[in-house]
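Multiple structures follow.
The following pair of complexes shares a single chain, chain A, combined with chain B in the former and chain C in the latter.
Our next item is the complex of A and B:
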């Protein structure tokens, strides 16, 4: 397991979670909707929008070190988790063979909203303490309640709309802008202004460099907006220590903070941005943020290509 | 604070407000408690939930008014009364409750007066002299553990023991249990939530600082210990919950506790097993200012 120090031995090798079959109200889900590559199960809602229960038959392949080690009372579990509905359930897996554990997990539609994380946990008794977590699935799966095709979903939903349209009054004030990022809600949304002349042509341009440049610019703007919204949502606990804001906000911070403060641990970086915001020292933070957002958007590389291409065109 | 008058007629059913609209209504006037959001504009941008008895606005409105009436002298104490009754009145599935737009509708349209009553405008903690008194906008539009109505509903949902709302009352009676624990992962395991409340009920933990120390210690332990492996929370009967949600015409009692969804109780052996562990963790945990008298908490 990574990123955390455990005061006892934990598993080093891979634990792979394999999905055997998925059923919606007892009906097997089409194989095409289960993607081992992206580790996504897409519950195509069009087929069965009113499903009540999803069942997943799965197998966990544990490394041989689990048997070779000194761990006692080893147990494997599968967990289902969705933050937005505060739903978490654990199912114990049975031992199928030496290094394979299997079981069926169930989730009810009423308890879930959008995306369920499907993970596995391995526990053992350590120094008389049962239930110590010694390993997790190397890669968790996502059960996506809305996806039609199983792809790793970019968490930013994109909506194309004419910002001047009367049926979208909240976009009207931004009608002169090419795009707008709404990051105050449960899920961030990127609006692309179809009324902004030429933008659509740029985005669909055959010239890959131009297309990528615009894409990178939008992407960089999105990261900046998401980061600022996430940082503003950081609250403090009773000891005045900042708390991770949860949901997409935590993911955004965790992705950008290593680029903002490469010398800090994640938790220290959170304390750092919180302190700077409290003390009104935001200027340097914004500079670091632009750097980090640009890196996420791969802006330097694209800009570089763009400049080289332009130079080529001028010389030719 | 002079109270602005409420817009007259409420729509019949509850709706959901999209986040972009919500932000528009979080004006300085509202946060200072001087004006409520314009009802017409809110209604225009609301997505109405299907007409159903469990989504009627009048029952929720009555309940909230009664809470303000009963607890006029002790706003904080209203949480323990309102949380179980709001849960039993709204009858939402978790899937529905995950829609922040519903909570925003309740706060901005159905009862902005309640939000301002429960969380009166005050100067922000880390502010300069000039800044004016206002309500934290998150009370209208924040996450489930902060938003004025969502915090009550989710406390009731996560701390109830099947149909029994008594643990919810105990939890709400301590603002730190409600404020700190609700946002932690440990509140998502029924047996853990039940055991934490039991320690409060037995007065093993009493002050806000003790509760915070306990919650922190248990949450930290939960990063290396799988509580579910130690203490089975029992099976939850999703069908029973759904049946409870669909029941209509149920009068939610004002004096005695209502009955929650009979979707399964936590086995007591599980709670006892966790109590032993949590008592030990609490003994080892540092409590801030152990000797200091407890501060008044909001």
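Our next item is the complex of A and C:
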């Protein structure tokens, strides 16, 4: 971030965090579940659901400036952090060679819920003060406890379900609807009604223009519903300034606000929506929201393709 | 005959050949004469350590005999060129068909020449050493070279053949122009050591005649040979702009009692007419052979002649040196010495990295290096080709296999997984089927490094480990972790069925030896269905890679394709130039009095109205709200302070600078203990 200042010199070059091996209760994890590209480790193992401890062998490659600089008592640590449980742990790394630090971090299944951020810190003693952070891993990893494939998967959960099924009574009132959005819980969910004849097939069909048109419609609905739920959850601090709601709600707002208020920074845009809601100027906000949700859903583009295709069919 | 008797006979005849009597021999070995008699009589076989001693004594004696044999080097003045007269039937060959069989360039040259050397490896416990030397000569060096070569004897021939009407003629024209107008000549010397050398008689069957006298004769000593078309050598001549290659060979087995400096030159021209008559094609440089009507044969060169021809070789290290005179890159891609050097290093590394890999502490099959020289001055130091640099991941995979450190599955970053890939070799035509066991090729798969230039490749090889197949792994699943794969087949993998698979795959290679597919050789040699076996093999290795990197099946909760990418919650990438004023850069430090003094550069989007913002300074925390501290602002560039303490940026300005000084009494901790952040807050349009 270029709006930050440290009261002492910090590292400029890259520090790369590399995963060597991952073990679940001592059994090595298949390499296919570790993606260096997406920097994700996928831990949802159908064949080992009751694992207790995950161990990660890692290496941190630090830039040569670390040795060339005047820093004293340099240490490297890896850190595990999960926002949902607010659990943090730190493991010191040993120096493997001049610019490489290695170690093994351990996490217990019970302490974590969904996604653990695996980062690294480089510290030094500055003006007699030990442990000041002078650098971090350039890119952190994610240990995803629920993922079955190692991909960046921070997306709205989609569940296909029969809305008329007795084991999901909360969906029964909507049995006539093609889809439903649940935006009140800890995790937003999009339900697709498999009881709605042909819908599920359409969403997976090879007729791309129709399929994508319906997809855009659903997606636009999702963003509108999620935005309203997220905006309603914005609270204020003692100075009456709005605070980011955290979790998925913050993510939703961060994705949509630049399209709602292109001339405002994210923080300013948050203040803006909060003020308008307080002062009952919601109508303009809804118009801006439909615009932003449509852009997220790529609605204008997909509609354009759909229309051209229809025209082609009519002319042929 | 028992092996004891066999040994007895062999020893007897060797003693006879060397002219050693039993008493002398017994003395040298350090045994009694009676013991020697019991061996030659086939009654007793010596113990292994005695056997080694016998071998030493015989070898040393053999060498002494050779060195004392009279050798008369050929007088340099006797050397001459013999041109093959034109066919009496008037037929004219306007080029060497073998040289046109495939498109050639320096990479093809390096492949063919190096492959030939590997096939001729002499001592199996030591590597074949190959060295490529590019040497550009001018001035007196060039003069001396041309005189020794008797250039004046062949110049009219080259000139006559250098007709612009055909491809070969145009190349010759350029070669001549380079020599006459440029006054320079590029020599490419290819040496191999620990290879057989060009043994055998001058005209009859043998290595010498296969390379020097004949076209399309692949005389390979073993079934594991890489080549099989006999085309490789043609590339040597195709790489010369003058069609001229000189050869010096140190023989592994004596010819006419000698081994050192066996030399000959061969000129490869199209049909031509000179003042002296019409000539068919090739010409040879050597000693006139009276028994062959003036045709020239190889000569035993003195070291001065070898040096003048830039082909001096150290005595006692068998192998061959080829000197390509007027060397060029036939593809025209590499032009300068440096480019040609680079092209050769790259070609050797990408094609032979595996031949240079060995188990930890072992001896590789091949060592290769390339150097460039200009008029005796070293331009690029002898550069040893390093397999690790060319193919780091695949080298790791092969080394793990040779060290027996492979695993069944991929778990750790540097793991190498090993699986079997079946290849059922069909019977040859006319052979009874069913007796050939299914060959098990070895597939090695290892994770590719992050940022690997070309991940997801598979390379395949046979006995000499030259890269034959090099392709993308087909149908890699989307999002699968990148890997590299090495396939060892035939003798590179070993039994079962190693020899049968080796021959089968060689038959499935086109002249370029760059893939395994249906070839004429394959369908004419093997029973029906041979081509399908190759296809099955290709499918089997693809599936084996896919199995190793397979990812779990997708389930109920997956995002349908219609919604893919539309429901992502990750923050969007920051915009390069956002539509609001933002901090471009901050600069500052903590002063004596404990306050921060910070200069802030602001970037402003174009707008007709002036921007009004309130700059905020915060102490950053790891989580929770970040405390705001008070600071005094001083406008510097393109801005002004408003009455309420906000900054008003000038209309139309794109950049502005201000300085802020914090009030230490409002700091939550001393300035030295915290990171600060600068924020620009719009003065709200609603609240204003």
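Definition applied: the second predicted complex is superposed on the first by the 245 of 316 C-alpha atoms of A that agree within 3 Å, B and C clash if a C-alpha of one lies under 4 Å from a C-alpha of the other, contacts with A are read in each partner's own complex, and residues count from 1 in each chain.
We adopt the following convention: a residue touches a chain if its C-beta (ideal position, glycine included) is under 8 Å from a C-beta of that chain, and two chains touch if they have at least 3 such contacts.
All values reported here derive from a predicted model rather than from experimental measurement.
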Check whether A:198 is in contact with chain B, with chain C, with both or with neither, and answer first, second, both or neither. neither
Which partner does A:129 contact after superposing on A: first (chain B), second (chain C), both, neither? both
When the two structures are overlaid on chain A, which partner does A:182 contact: first (chain B), second (chain C), both, or neither? first
Return first, second, both or neither, reflecting whether A:166 touches chain B, chain C, both chains, or no partner chain. neither
Contact-wise, after the overlay, does A:49 reach chain B, chain C, both or neither (first, second, both, neither)? neither
Now for A:272: first (chain B), second (chain C), both, or neither, which partner does it touch? second
Which partner, once the models are overlaid, touches more of chain A's residues, chain C or chain B? C
Per the contact definition in the header, classify A:281: touching chain B only (first), chain C only (second), both, or neither. second
Between chain B and chain C, whom does A:251 touch in the aligned arrangement: first, second, both, or neither? second
In the superposed arrangement, does A:85 touch chain B (first), chain C (second), both or neither? first
Based on the A-chain superposition described above, do chain B and chain C contact any of the same residues on chain A, and if so which? 4, 6-7, 86, 129, 237, 243
Residue positions on chain B within touch of chain A in the complex are 18-24, 45, 93-95, 97-100, 126, 141, 143-144, 146, 154, 157-158, 176, 180, 183, 185, 187-189, 208-209, 212, 223-230, 238, 241-242, 245, 288
With touch defined as at the start, can you tell me which chain C residues reach chain A in the complex? 409-415, 447, 450, 479-482, 548-552, 554-563, 566-572, 575, 578-580, 582-590, 596, 598, 605, 607, 620, 623, 625, 671-682, 684-687
Listed in rising order, chain A residues that touch chain B in their complex are 4, 6-7, 52-53, 75, 77, 84-88, 90, 92, 108-114, 121, 123, 129-133, 169-170, 182, 184-186, 233, 235, 237-239, 243, 245-247, 278
Could you pull out which chain A residues touch chain C in their complex? 1-8, 18-22, 28-38, 46, 57, 86, 127, 129, 148-152, 154-160, 190, 192, 200, 202-204, 211-212, 214-216, 218-219, 222, 237, 243, 248, 251-252, 254-255, 258, 262-265, 267-268, 271-272, 275-276, 279, 281, 296-298
